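First comes the structure, then the notes that go with it.
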Amino acid sequence: MGLRLRPVDTSFYDLFTQSAQHLVGGAELLAEMLSDSSDKAGVAERMRAAEHAADETTHEIVKKVNSTFVTPFDREDIYALGSGLDDVMDMMDEAVDLILLYEVQVTLPAELSEQVEVLQRCAELTAAAMPRLQSMQSLDDYWIEINRLENAGDRNHRRTLAKLFSGEYPTLEVLKLKDIVESLEGAIDAFERVANTVEQIAVKEG
Amino acid sequence: MGLRLRPVDTSFYDLFTQSAQHLVGGAELLAEMLSDSSDKAGVAERMRAAEHAADETTHEIVKKVNSTFVTPFDREDIYALGSGLDDVMDMMDEAVDLILLYEVQVTLPAELSEQVEVLQRCAELTAAAMPRLQSMQSLDDYWIEINRLENAGDRNHRRTLAKLFSGEYPTLEVLKLKDIVESLEGAIDAFERVANTVEQIAVKEG
Amino acid sequence: MGLRLRPVDTSFYDLFTQSAQHLVGGAELLAEMLSDSSDKAGVAERMRAAEHAADETTHEIVKKVNSTFVTPFDREDIYALGSGLDDVMDMMDEAVDLILLYEVQVTLPAELSEQVEVLQRCAELTAAAMPRLQSMQSLDDYWIEINRLENAGDRNHRRTLAKLFSGEYPTLEVLKLKDIVESLEGAIDAFERVANTVEQIAVKEG
């Protein structure tokens, strides 16, 4: 434990990056949750811890907005970006929770793993984009790619629904699986909203 | 009927307080709706009247924004707060309506009453917080407590879903109950959005 | 193919009008999709093309915001209006897609056609209102009527749900139909959000 001479000034960019890195971790836990051999209760426990850590970062962002005189961009936008990143974590946490809670009695359709891969890619792209907010450089690539991924996720989502409704699953299992796939879709949508917020910030500040 | 010498200036704070007090009434009607002995059609009728009264207040807020030169905080924020409060009422009205409409054939799970208690507490806290917008004092307590209640509501919500999916209810009844519990959850979320709006206003104006 | 001497300056009003006209086309395709005799795969294909065309217009709006120094109203509001109109198209596209994808095994309830009529009326009113953003004249009529239609749609929506839950349909078909009617309701709600955005712009600029 060293001696800290003065408070470290963690900049907004660092906090947004930290927040997005929590999402990379969350998406990994989601992938682990889908594996047949995983200890579901254990993964859900770690997800809960990850979600709390993400909450902490969000609160630091809000506190920093409150106590900073000159912010790098509009306070409302900082707030929107912080809470947008937090929304993604909440949706991923919900998906993990439902998988544990619902005790699905059938094999999870392979399409769920595809959606989680989309989420992992979105999380990596978002974590890589956050430091670039400082220079506002190369952000177009990020939001275009997120939009493309969201479209792919949407098509996959509808295909999954069609499969659930094909008659091959008991109706109660359809209901459970539908909730789970919708929380995955919700997480992908939440990534798109973050990208839209970044785009709006760039429009204003660019 | 007295002589009114000059128009009464109902301030924005009064209107927001009025709007939140409609929510206290709405949450009470929702509690009444869940009781076994209630006249469901009659309660739904009174809820409709309460929802109309709330709409009136919302329109007064919008009209006042339109006709006021200097507003106590940004017009958009007044608008967001007014419509946020209105959203809560719409969700509570939806819950009441669905309970009447769906003719659920099973006993409502006890978890529904717990959610309505959360809603009643949120409504009281919100009504108590609105007059404090004038001084911007002690608003932290309000939104921290709303966020805590929303978290508790969320956990209760997921527990309810797990119970619905346990296999003890006919699938069609599961579908009905799921819609009803989701409208309750939606009302709690709407209270959280109101608290977030208040937090954002405090960030800007504080 | 004529000679174009200088770039045509398509104003924001023209682009919003164009965007809303895509919605008129989309609502017509939705009506066609519900007819018993329609070639469902063909209509869905044309809907996809319409949705792409609408996306193009949305991107033109965003590009124009980026490259214009003086905008007729706040950049954020232009962005909100553009993406709000785009949301309607996405919801209508989803409805068409689900009707194709789910292969509903029962006759679609007549209430669905009523909702599509509401959507067609909303689309026409919105397309007629967009050019009036320039003068900010007679916009009240537009948003009051959209709100009235949304209320009517909401009542019809709940009646439809009650019918779906009456026990006359197999549960799996109830699930499919519920998703379809919810996407219609979602499109009507999205029209209301557009009207609310217009109202907010008028509040600010009026």
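The letters A, B and C name the chains in turn, as written, and every chain counts its residues from 1.
Please note the rule applied: contacts are C-beta pairs under 8 Å (C-beta built on N, C-alpha and C of every residue); 3 or more make two chains touch, one makes a residue touch a chain.
Here the structure is a predicted model, which means the values were calculated and not measured.
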Same vs different contact residues, subunit A with subunit B, by half of numbers used: different
Size of the rotation, in steps of 5 degrees, that lays the CA trace of subunit A over subunit C: 120
Gap in Å, rounded to a whole number, between the CA centres of subunit B and subunit A: 28
Junction residues of subunit C, two or more chains touched: 171, 175
Residues of subunit B defined as touching subunit A within the complex: 158-159, 161-162, 165, 167, 171, 174-175, 178, 196, 199-200, 203-204, 206
Interface residues, subunit A side, partner subunit B - complex: 62, 65-66, 75-76, 79, 83, 94, 97-98, 101-103, 171-172, 175-176, 179
